[in-house]
Amino acid sequence: MINRGYYGEFGGAFIPEILFSTIEELVEAFQDARNDPTFWKEYTDIMSTFSCRPTPLTFAENLTKHFGGARIYIKREDLNHTGAHKVNNVMGQGLLVKRMGKSRVIAETGAGQHGVATATMAAKFGFRCTIYMGEVDVARQRPNVFWMERLGAEVIPVRDGTRILKDAINEAFRDWVTNMDDTHYVLGTACGPHPFPEMVSYFQSIIGKEAREQIFEREGKLPARVYACVGGGSNALGIFSGFFDDPVQLIGVEAGGKGLDTSRHAARLALNDSSIGVAHGYRTYFLQDEDGQMKETHSVAAGLDYVGVSPILASLRQKGRVRFEAITDKEVLEAFSLTVKMEGLVPALESAHAFAQAFKELPDISGDDMILINLSGRGDKDIFIVADAFADPKWQGFIQKKAEDYSA
Amino acid sequence: MINRGYYGEFGGAFIPEILFSTIEELVEAFQDARNDPTFWKEYTDIMSTFSCRPTPLTFAENLTKHFGGARIYIKREDLNHTGAHKVNNVMGQGLLVKRMGKSRVIAETGAGQHGVATATMAAKFGFRCTIYMGEVDVARQRPNVFWMERLGAEVIPVRDGTRILKDAINEAFRDWVTNMDDTHYVLGTACGPHPFPEMVSYFQSIIGKEAREQIFEREGKLPARVYACVGGGSNALGIFSGFFDDPVQLIGVEAGGKGLDTSRHAARLALNDSSIGVAHGYRTYFLQDEDGQMKETHSVAAGLDYVGVSPILASLRQKGRVRFEAITDKEVLEAFSLTVKMEGLVPALESAHAFAQAFKELPDISGDDMILINLSGRGDKDIFIVADAFADPKWQGFIQKKAEDYSA
Amino acid sequence: MLESYLRDKLQKKDILIMTHIVLGYPSLEDSFKIIETMVKAGVDLIEMQVPFSEPIADGPVILRANQQALKGGATVQGCFDLAEKVTRAFDIPFLIMSYFNIPYKYGTTRFVSNMATRNLRGAIIPDLPPEEGQEYLKVMQTLHLAPILIFSPTTPIERMKYLATFARGFIYCIARKGVTGETTTFSEELGSYLSQCRKATSLPLALGFGIKEKADIDFLKGKAEIAVIGTQTIRIMEKKGIASVENFIRSLL
Amino acid sequence: MLESYLRDKLQKKDILIMTHIVLGYPSLEDSFKIIETMVKAGVDLIEMQVPFSEPIADGPVILRANQQALKGGATVQGCFDLAEKVTRAFDIPFLIMSYFNIPYKYGTTRFVSNMATRNLRGAIIPDLPPEEGQEYLKVMQTLHLAPILIFSPTTPIERMKYLATFARGFIYCIARKGVTGETTTFSEELGSYLSQCRKATSLPLALGFGIKEKADIDFLKGKAEIAVIGTQTIRIMEKKGIASVENFIRSLL
């Protein structure tokens, strides 16, 4: 552990001693792969045959007209196999698992996207697979649970703690310290102990590489601003990394939940409600109380309600390279509806946060400029939440009819 | 109507006189577009930026090993925007609608895929949109209805007739004869009066063009057999058309429903239960009684239970160029489960028919050969059906809990 | 021949009345009774629809009548049997209306021969443009039956002329876009549409789709030779019973 | 210093007993009572866990005890207050066990000073490898408190030696992979692991994870200096009440 994975004062590897060798093995496997000139090719090959990379860049003509200013481009991670950017990360880690000769993978999941992606990767590579998921998330993201099980994964509902993503992470670590010999922990975002933040960002950087090339080819210049939602930070880092050296504003959008003046949100970098702490293996900003106990968070988007955030993003905030904003549940649903109706795109509620923030800022952006929004995933998975948000009576009738059939 | 769109004895344009000019206008618009050297480019441009064409070709390594014979390749139409090949057709017709200067589109839908695709196209192009859908299909494909409505389409449940796809087609025609001035009827498959079979096949031919090139590039030769499911026939014609002039067996797979010895199926070309008739504007094989009344059909896959079938396919059967087979509901679910577990791919139940037939034939195919299966769409939409087929108690519990919440 | 019958009648009347009925709705027996009532009330000719499962050009009322008739067991053979009975019993011309699959499946030539044997005088097949109906048109001609073709407000004059070359008996002019059973506005526009039709053919003109009351028929006098009453009779019958059909029709004359 | 206290004790006993307690579970008052009982029963030292919301290395029993303690209102300050009370009341060494966020958030230096002031003798922080804990290790040394470091069956000998350079008091050897509270097999393998640990350090060895009964402790005699009883006390207490803890501990000696 020479390079302990620090980004400014954030990051590190705060791990139980028992994981020391496991993490070292992973660091090595990752470094080897990275230095192997054929590895990135192997990675892009599988991403272009199993998923549909490069994912397209869509010009949002109607939204552009609607707002009457900068041209809006959308990076289409929703078109990935399994419906979100998560697959970029899991397929990369899957290749490392093969290199390490392990036969089982575990993962935490919140929205269920990462769980489905991991279960899919496990099916493809022939690994056994266990997914940890907070009981609250199991309840609100049942369709994803259903598919994970069909894919052959065992889904374990986590009934301890706040029963959401962070508790699933803890539970995954508990599995890992027990089964590290044959098991790799496929962390789902750019958080956790070194080398996860770096490794996950590395695989997700494929988004930014492609997006920069595509937009430049299309417009002959770069966008003025790039927007991405921030749960753990992986899709944001993925797209931002394409523009770090460019004069491009990068905006990370967090979950404002019920409102920034309430405690029911998950804004770690956009507000001053968080403080630096150490948990889940790394140092970053956490939503915690004065004693260092993690707080409950809230977002209508299950994938954004994590208490911590990527140490790389924490550092980029400190450096002033990335600006952070927060969008409330209510604003998200409006942006969601507008995007669906005007562009025929159905963003995941997570991704819709990025859209909402972009819409807010458009009046301030010159009409000669372009902006780029990362559409991190598709919203099909959110049907139960969206239907409830819109209180759709026909949907409710349908569910009630189904329930009756099951009771009969 | 010089070329009345005949394929052998099948096809034609059996339309109410009032549609004569409308159809002529469409024939012309289509011919113009086809002769316009920029049109196909405009089409592929939008398909590669709004959807993710070319869709990938995936090598199914695990299934190949499992069956131990020919190498299995899968054309990934499931990765299209909106989740199926249907988008190829609607985006093409959308471009024609723009050329014709119309402002409203209507469509029939069975599985709901074509409805979602059309609603999406309408949102993207700014057309008003009405979707006709049999009441039975509305009930079993509610998630798709929900998304169509969010996309701004009006979904009209058809309560007449057998209340499935064919009745929705009739209802769409009734709308069209009323509103043809500003309205285009976006027929969803390679059926109906001329020029629909030809036009839909033309747009879907993008599948076969890509697939042939991709598989040749990958393997240096062509597949021995190509499999596709057949509802109306559009995805099958799409992929088959890439191989018409090649020494490649083409196999269309129909819905065997509850069994070929029952009347609860939708096999029009694989069996002798059908006869030639004229309905929905064209001549083909229909599942009809001696009087010419259309029969009820059945399939676990809502997109395959249509009474008619593309006149182009009917003709290709007569010529012996395409072989037709039927797969039962039970066989489909087995093939579905196997594909999900072994490859991490979730086929639509429609597409799973093609997989099931291919699996049946693999023992007879030389290990030196390859086969190609068209994965016409993803199975997410089928969650309510698949969950019921597997009688998943956790899913049922989830639905019952939801229903209780709604009743509270 | 049908046309000469109509011309004769038109010597005595400003406008003729053609009514429509779905055979087998509510039952074949009732169909006979309804026809009897209509004839008694003084209609000049009747189009009898052989029910079809896919009646693409019909609105909800006739559509459901088709479905009910089929549910009730109406068959093509049953319709022919009834047709035979009515042509024997009543001395006005009867036409068959159906979608093309019915004759096609039966065998077009056999179907037309059967019509002739049963003394039916013609047929309306709304989904059979002449381009697709060469065999049908030929046998109809051979057996001296009238293929009734359709003009619509969207039909260009050249096409009207083309259609007229195949038509016999009269031309069925549909009053507006849409399907049967919706409201039609009896306006000047309709008048000029009919005079356009007149330019394309020397056959009598029937106007159908949306006729509900005497005023509509009065409007048509001098503009068309036949007023077609379709959906409205079914509505009346459904609401007030078969007997009331007679009064309704009398009210139109 | 902790080590010399342990060496003294080991003159009289084959093996020492360290027990574990989650402060505030079921309540701070109860924690005091449990400690009192333990001391009375003859334990040699006690590790007091300051509850944390994310106890990554703990199994379900201790995990839930952490959560219950927090739900019951346990705070870091409350834990320090209790610690002060017990170090005054009882004449055995007390250690703090917690995850790093607790001292980190409190201020590592301030936290360690507070430990010193309250006469605590050392700390176990399972998620703080020495690479990450330089500041902590420095203040611990300055204030003569023992940072207890951890060996595990997967720790290579070189790393054990490296860890030993920072450790004071004793080494906490975890018996197996996994988290607290699962079953451990007291086998030869465990013996050879401990002799491996012995080669890496001259400090006394404590063995924890899975000790449940006297046989386990007897097995450890001669192989380790301290037996750590963790989850099992909580289980006993939950089943039979606080008073029964005394009998349980006596049964081990």
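Chains: A, B, C and D, in written order; residue numbering restarts at 1 for each.
Please note the rule applied: a contact is a pair of C-beta atoms (placed from the backbone, for glycine too) under 8 Å apart; a residue touches a chain by one contact, two chains touch by 3 or more.
Since this is a predicted model, take the numbers as computed values, not measurements.
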{"item": "Minimal step count in the chain contact network, chain B to chain C", "value": "1"}
{"item": "Distance-maximising chain from chain A - centres being C-alpha averages", "value": "C"}
{"item": "Chain A and chain B: spacing of chain centres that average the CA atoms, whole Å", "value": "33"}
{"item": "Chain centre separation (chain A, chain D; CA means) in Å", "value": "37"}
{"item": "Euclidean distance of C-alpha centroids - chain C vs chain D, Å", "value": "97"}
{"item": "Centre distance in Å when chain B and chain D are each reduced to the mean of their C-alpha atoms", "value": "65"}
{"item": "Overlap residues in chain C, where contacts from two or more other chains coincide", "value": "none"}
{"item": "Set of chain B residues in contact with two or more other chains", "value": "none"}
{"item": "Pairwise touch network: line, ring, star, complete, or other", "value": "line"}
{"item": "Chains touching one another, given as label pairs in label order", "value": "A-B, A-D, B-C"}
{"item": "Touch list for chain A against partner chain D, complex", "value": "1, 4, 12-22, 160-161, 166, 170, 173-174, 177-181, 275, 277-281, 283, 286, 288, 290-294"}
{"item": "Residues on chain D engaged by chain A in the complex (per definition of touch)", "value": "52-60, 63-64, 67, 70, 75-76, 99-102, 104-106, 126-129, 131-132, 149-156, 159, 163, 174, 177-179, 182"}
{"item": "Chain A residues within the chain B interface of the complex", "value": "48-52, 55-59, 62, 76, 79-81, 83, 119-124, 126, 139, 142-143, 145-147, 149-152, 337, 340-346, 380, 383-384, 386-387, 390, 392, 394-396, 398-404, 406-407"}
